[in-house]
Amino acid sequence: METKVVMDTIWVLIAAMLVFFMNLGFAMVESGFARAKNAVNILSKNFIVFAVSSLGFLFLGFGLMFGDGNSIFGTNGLFFLGGADNSPATGAAYQGVYSALSWAGVPLMAKFFFQLVFAGTAATIVSGAVAERIKYKSFIVFSFFLTMLIYPVVGHWIWGGGWLYQNGMFDFAGSTVVHSVGGWAALAGVLLLGPRFGKYTANGKIVPIPGHNLSLATLGTLVLWFGWFGFNPGSTMAANPEAISHIVVTTNTAAAAAVLSTTLASWLLFGKPDLGMTLNGGLAGLVAITAACAFVSVGSSLLIGLIAGVLVVVSVVAFDRLKIDDPVGALSVHLVNGIFGTLAVGLFAQDGLTGVATGNGLLFGGGTGLLVAQLMGVVSVGAFVFSAALLVWAALKMTMGIRVSLREEIEGLDRGEHGNEAYPDFLTRKPAYSFNVLSGVAVPQQASQALNKGGVRL
Amino acid sequence: METKVVMDTIWVLIAAMLVFFMNLGFAMVESGFARAKNAVNILSKNFIVFAVSSLGFLFLGFGLMFGDGNSIFGTNGLFFLGGADNSPATGAAYQGVYSALSWAGVPLMAKFFFQLVFAGTAATIVSGAVAERIKYKSFIVFSFFLTMLIYPVVGHWIWGGGWLYQNGMFDFAGSTVVHSVGGWAALAGVLLLGPRFGKYTANGKIVPIPGHNLSLATLGTLVLWFGWFGFNPGSTMAANPEAISHIVVTTNTAAAAAVLSTTLASWLLFGKPDLGMTLNGGLAGLVAITAACAFVSVGSSLLIGLIAGVLVVVSVVAFDRLKIDDPVGALSVHLVNGIFGTLAVGLFAQDGLTGVATGNGLLFGGGTGLLVAQLMGVVSVGAFVFSAALLVWAALKMTMGIRVSLREEIEGLDRGEHGNEAYPDFLTRKPAYSFNVLSGVAVPQQASQALNKGGVRL
Amino acid sequence: METKVVMDTIWVLIAAMLVFFMNLGFAMVESGFARAKNAVNILSKNFIVFAVSSLGFLFLGFGLMFGDGNSIFGTNGLFFLGGADNSPATGAAYQGVYSALSWAGVPLMAKFFFQLVFAGTAATIVSGAVAERIKYKSFIVFSFFLTMLIYPVVGHWIWGGGWLYQNGMFDFAGSTVVHSVGGWAALAGVLLLGPRFGKYTANGKIVPIPGHNLSLATLGTLVLWFGWFGFNPGSTMAANPEAISHIVVTTNTAAAAAVLSTTLASWLLFGKPDLGMTLNGGLAGLVAITAACAFVSVGSSLLIGLIAGVLVVVSVVAFDRLKIDDPVGALSVHLVNGIFGTLAVGLFAQDGLTGVATGNGLLFGGGTGLLVAQLMGVVSVGAFVFSAALLVWAALKMTMGIRVSLREEIEGLDRGEHGNEAYPDFLTRKPAYSFNVLSGVAVPQQASQALNKGGVRL
Amino acid sequence: MKLLTAVIRPEKLAEVKQALTELGCNGLMITEIEGHGTQKGIIQQWRGERYKVDLLPKVKLELLVKDSEVEKIKRVILESARTGEVGDGKIFIFDNVAQVIRIRTGEEGEKAL
Amino acid sequence: MKLLTAVIRPEKLAEVKQALTELGCNGLMITEIEGHGTQKGIIQQWRGERYKVDLLPKVKLELLVKDSEVEKIKRVILESARTGEVGDGKIFIFDNVAQVIRIRTGEEGEKAL
Amino acid sequence: MKLLTAVIRPEKLAEVKQALTELGCNGLMITEIEGHGTQKGIIQQWRGERYKVDLLPKVKLELLVKDSEVEKIKRVILESARTGEVGDGKIFIFDNVAQVIRIRTGEEGEKAL
């Protein structure tokens, strides 16, 4: 018993560190996919968001998510991990107010840290989608709301023993809890913010705005892939050899398959293999396998990855056509594939594969039961997070504002929001404004007039 | 017993993750050592090569390498890990078709993932040497052949219980199996491709082509060093405290010694300490200690490192004189030091140091027996891999072609192969064509005329 | 027992690898905070310094620090880990000459490697503070002295059972042993070197010299934060579940709190949130919690972090006013917060929190006893390290010189010291000389005249 | 023939270029420069110390144009580059172009433009 | 004295410079510019959206040369910079150099070149 | 009006700019260029192979100045840019400025400077 606690704790902590490390991955992917003039702003957001999550989740989030309570949210041990808890005691021996985690035989602090890094991930996802136009201050405030209130409530529903859990929904490592939540919150923000200046022309053409550093973006993607080996196999919260080995392989296989299918799809569709898309593809595979990694075979994970890789291509193009401006592809990666991954459990699950009684998915003869439970999860989480986030964003918009002035946006948020420059020694250009799209003008007339009047807020 | 399985699995999986992380190291070293105009291409290759390896090794490679069979290759459980296997049972209790790995007490999936990341490494090595001129498509196809066929066969000989193993060859973590195999495959490619345009002048002078980002290259090298702590100590595939601690120290000592000896050598030879060379030096020390890390003392590892550091300097200069154009020094690091490291076992091994009965090496009174077995391994692997790779490269050259057009090469592969730019916000120059070498012209006349005719393939 | 050794060894080795990885963090933070023209030099220093430490600590440092001896330094088993040692035997069962580490139940090699990476950290700290003007050669020699002599002696006093340990001083993971030691050694160097050319104008104004790459600096800071999860929780040198989980959370909380307090402080003081400062802030929180992480509650760690974050802002500004030119803020982060962290033990410690009998700190009713012991540690270590380092620096100054010529400094150390360029494909400018400060001239007349005479050493 | 040099705001480049294209005027050289005029600089900070960057990024356009087209092009640039705020830049016209040669064909004079 | 400005392909810089050196003509200024002429642009893509970059990288050489050497230098550049394909660039010659001063010595006129 | 072009060492830019500002001369354009003159290049190395970079970083200043101020400005640049070593650069003066227009206001001639 004691030995098991030690081994499980080692495993959980190391997995948590790997997930922490994903902050670096997000920071590099997102800044690499944005323009040099906004690099400091994005780096700042990604750096501070984990600090914000750390304190917000400590202060209230953890209690709300895992404290005993009703089926909607926790009501015990709310503040500062303040409830009784005799972890690492498990099962019947457990006495305390965080019984939703009583199955995990590690100290409370290990549980807290592991859950904290997941909360941090959800918050980071938002950062990329709203990049290059959001006010730094408003983003910080929003992140507090997200990690202290919105994320924990959904988490309670699914991982905290709440109503979706009782309803038979399975989300092993968080395709919904983490990725979709981040994605829905981001979507609300993106819609309220509107697209970046210059992204769509007056006559409706899409103006591509290439990221400033594909080396950083690749680095970030590989760091995320690496971190995912904490994210998924760590979610056992126990060093169960068969389970964690299996999950490592399903995780990796889905990612690899998605990389190949995205590359192929982008090659066929666009004529050349697009690195930015391929990077998104790898992440899409990882997000998609997150819910199902413990419940499906390696073969199924291959399929899930292949589908995710195509889905991300279609989705990136579709969002752009819909004029939903997401500079880093966060919606396609985290929202779309978070949903797909959650549903994939309902399709591909095989009962008891790593010891969890999920029942079989549709494709393995389990009927639609599981799929419906998953779908209900997807829909209800979407409805709740999207509305809650919209409310917070709208309140922020009406009070402190959420978008920088047009002048600041054009000159770069680094100058306006931070007074810093990311690369002062290098000569840079402002590419978005020196490109002429295939047809149509890069700078719509009315926006340009707005600019001339000096910093009108969109 | 159960506890040991848990501990060993934790160790093996974490080690495997560290080796996975080496993909990031390779991507950054190789792109940092190349020109900005080819960065997207190199990043793309390094990113996709692991996806290719993952699927190729899953599909066939693992079975060929570790499936029971003859002394040349596996014939059982070939496809998709399809054979019987009752891992983590070991030794006599083991029942299954992957008996070459029956000594490791971890689940089959853990064995697979650990071996997979090694296969990925071999494939990544090729990427750097053929950089800045190879067709993306052909590289992908070659990588499939390498990880599905060539690498597994050699692996079977040495780690899969094949004829070299039976012949008494020892290669603890893969100086030969991984590094030399990658190196020989790369050499075949480099010879068939020919040097980069502008690398050697008409009158035979060498034109140095500096890499575009030494920060990235340094970052990559440190990531590789970090990953090597998975590579070498992980190859115990068991959390044996004495062994893994010993291996960590020999690995680190060899790397540190090589860094110092390379720096000194380059300082003496070239007048100033060259960072690119020093980075290669650290990697050379790591490659050289890879075969021997478990079999030699810390003192011997220091010596091995010192020698490797000098070897890499001599070798980089020598390849350049021979007009074998290897943009990142992969041949000097992985091939030359892979060979040296394999032979070092025959020189420095001390019997039973970490529990393995290698017998003593030549310098420790064991006579030439071990050295001869090692040498036979070096020669036969070299002969096989070089010819097999040459065959594949030649077939590719005759069918889809392996080299981009001269126009594409001059304008950069990022534009021609990918339609992307790595750093669109930055103003860049094309240095290789604005340098005048000490004597001789940078642009040979005939090549220039070829260019004028518009994109002649070399 | 045997199982415990395995688990402890896994933990210690992985923690050590994470600390090793901090070399990458330091390299990226320091080069990111310096100018592009000195990037190769800083990368070179950060790369070689770990190699130097590895050999220096192996040769002599470890013996001096942990060998049995008097209360000032070790006298047994001095060279090459040469003493008797039956680790992993612990306590009464231990027989050997490194009895200061006999409490840790892991093999000697694991102890050595863990201690080695700490020694490397101390040496790396110096690198940043003396950046952009120090001779490469002299820095290498100084690093040997630091890791072979100065660091081990202080280490012996506190971790090797020496007089400060006997005096009741506690420094869990090295706020003093590692960070202050690095800081004091750096301060001595900075004072003897003098400020960078152009940093202060003739009429005493401060000329800010912005770093060339804030993406790299952010990357480095997150890597350091990640590595700190090895640094602090690993210092248990045993996989004690409660202790390591607690330490992970105090470490993370302090860092997060410091990020927020620095951001707020810099926002209030300077009008805009400064990313460079925020990055320093996170590190300051980590340094400050290092001594106390195992001895204080999560609440206290929050307070310690908040204070550290403010301290670093004040301190960076103060050093600049004092014309002590530290390009990367190393003194504010490592020295000032190393001191604060050490004293924080005396204020916030709670007896036996993770099993160590520290007694209570001042704020927890323990009186001033502990605080005084800590203070004595701070003062005596400061006095010793500063004078010893000053001596070494002065000796170097008189023999081989410690500062590059003014011409080299202006043209960049990359050209003068290495003959390399970090970013040859990019067009760069020389910003320090094209800025006009708010009042005063960037280029003081006398310095400029010195330049005209051609490379006078300052 | 005349050399028309215009220093403009970088963010106006797309509009100016668009306007020139519509005019049928294609040949131009663009250089990223830093300028200093009556416009005041930007205040930046680095770890708490503030400093003024008084060199602002500008774009320099250079066009060789036929004498007959100078006025038209001048007018188009004036319109498309103007925001009305300090820092809009200037146009300089030089009239001493002695010779123009197209490298590809060796053609000289106005037909080489 | 004349100012000779040549816009050429970046990849031809080494050859042109080599040719000028052989001619004994050393003094020159090189600027990385972007140009737009009759050459059509490059199609790039970013996540599936394609766009045309119609500003192509060019190199601008500026040389101040003695009147007597203009023809010779012009010819050498024409030869060494030509590929025969659209985008080879142009040479512009300006003849109004009023004064040249070498900063180091204060020398003026042709001997300052 | 005249166009005054000065090629100077990058590290001298701050001093020259300071001196010009003291003179009340504010308008200028700065371009980062690479130059080649009598100054010999730098030897760099890459993995043991040495090579000469014979294009050295320089800064090009361009000022449009009133005829009456040319001499004064020339002198100030000569003084503030000089180190006395090879590579100090040159000043070129062109005298054919046909027209200057301030884009913001449309003002022309000397008052547009």
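Letters A, B, C, D, E and F mark the chains as written, and numbering starts fresh at 1 in each.
Here, a residue touches a chain if its C-beta (ideal position, glycine included) is under 8 Å from a C-beta of that chain, and two chains touch if they have at least 3 such contacts.
These numbers come from a predicted model, not from an experiment.
Novice: Hop distance check: chain B to chain F, minimum number of steps through touching chains?
Specialist: Minimal hop count between chain B and chain F: 1.
Novice: By that same contact rule, can you tell me which chains touch chain C and chain F alike?
Specialist: Under the touch definition, chain C and chain F have B, D as mutual neighbours.
Novice: Please state whether D-F or A-C has more C-beta contact pairs across its interface.
Specialist: Greater number of contacting C-beta pairs: A-C.
Novice: Please determine the option from B-E, B-F or C-F whose contacts repeat those of A-E, over half of the contact pairs being identical by residue number.
Specialist: More than half of its contact pairs match A-E, so it is B-F.
Novice: Measuring from the mean C-alpha position of chain A to the mean C-alpha position of chain B, what distance in angstrom results?
Specialist: Computed from C-alpha means, the inter-chain centre distance equals 34 Å.
Novice: In whole angstrom, what separates the CA-based centres of chain D and chain E?
Specialist: Whole-Å distance between the two chain centres: 18.
Novice: Using CA atom averages as chain centres, what separation in Å is found between chain C and chain D?
Specialist: Chain C and chain D have C-alpha centres separated by 50 Å.
Novice: Just give me the whole-number Å value for how far the CA centre of chain A lies from that of chain D.
Specialist: Roughly 44 Å separates the two chain centres.
Novice: Can you pull out the residues of chain B that are in contact with at least two other chains?
Specialist: In chain B, 3, 7, 10, 14, 210-211, 213, 219, 270-272, 274, 276, 419-421, 423, 426-427, 429-430, 434-436 touch at least two other chains.
Novice: Which residues does chain F have that touch at least 2 chains other than itself?
Specialist: Residues 17, 30-32, 34, 44-46, 50, 55, 82-85, 94, 96 of chain F touch two or more partner chains.
Novice: Can you list every touching chain pair?
Specialist: Going through each pair of chains, those in contact are A-B, A-C, A-D, A-E, B-C, B-E, B-F, C-D, C-F, D-E, D-F, E-F.
Novice: Can you list the residues on chain D that touch chain F in the complex?
Specialist: Residues 2, 6-8, 31, 33-38, 55, 58, 60, 74, 77-78, 81-96 of chain D touch chain F in their complex.
Novice: Under the touch definition given earlier, write down the residues of chain E that touch chain A in their complex.
Specialist: 34, 44-55
Novice: Taking the complex as given, what residues does chain B use to touch chain C?
Specialist: It comes out as residues 3-4, 7, 10-11, 14, 18, 35-37, 210-215, 218-219, 221-223, 225-226, 229, 233, 239-242, 244-246, 248-249, 252-253, 255-257, 259-260, 263, 270-276, 278-279, 282, 298-299, 302, 423, 426-431.
Novice: Note which residues of chain D are touching chain E in the complex, please.
Specialist: Residue positions touching the partner: 3, 17, 26-31, 64, 94, 96-104, 106, 112.
Novice: In the complex formed with chain C, which residues of chain A make contact?
Specialist: Where chain A meets chain C, its residues are 3, 5-7, 9-10, 13-14, 16-17, 20-21, 23-24, 27-28, 31, 39-40, 43-44, 46-48, 50-52, 54-55, 58, 80-81, 88, 106-110, 112-113, 116, 136, 213, 216, 219, 417-427.
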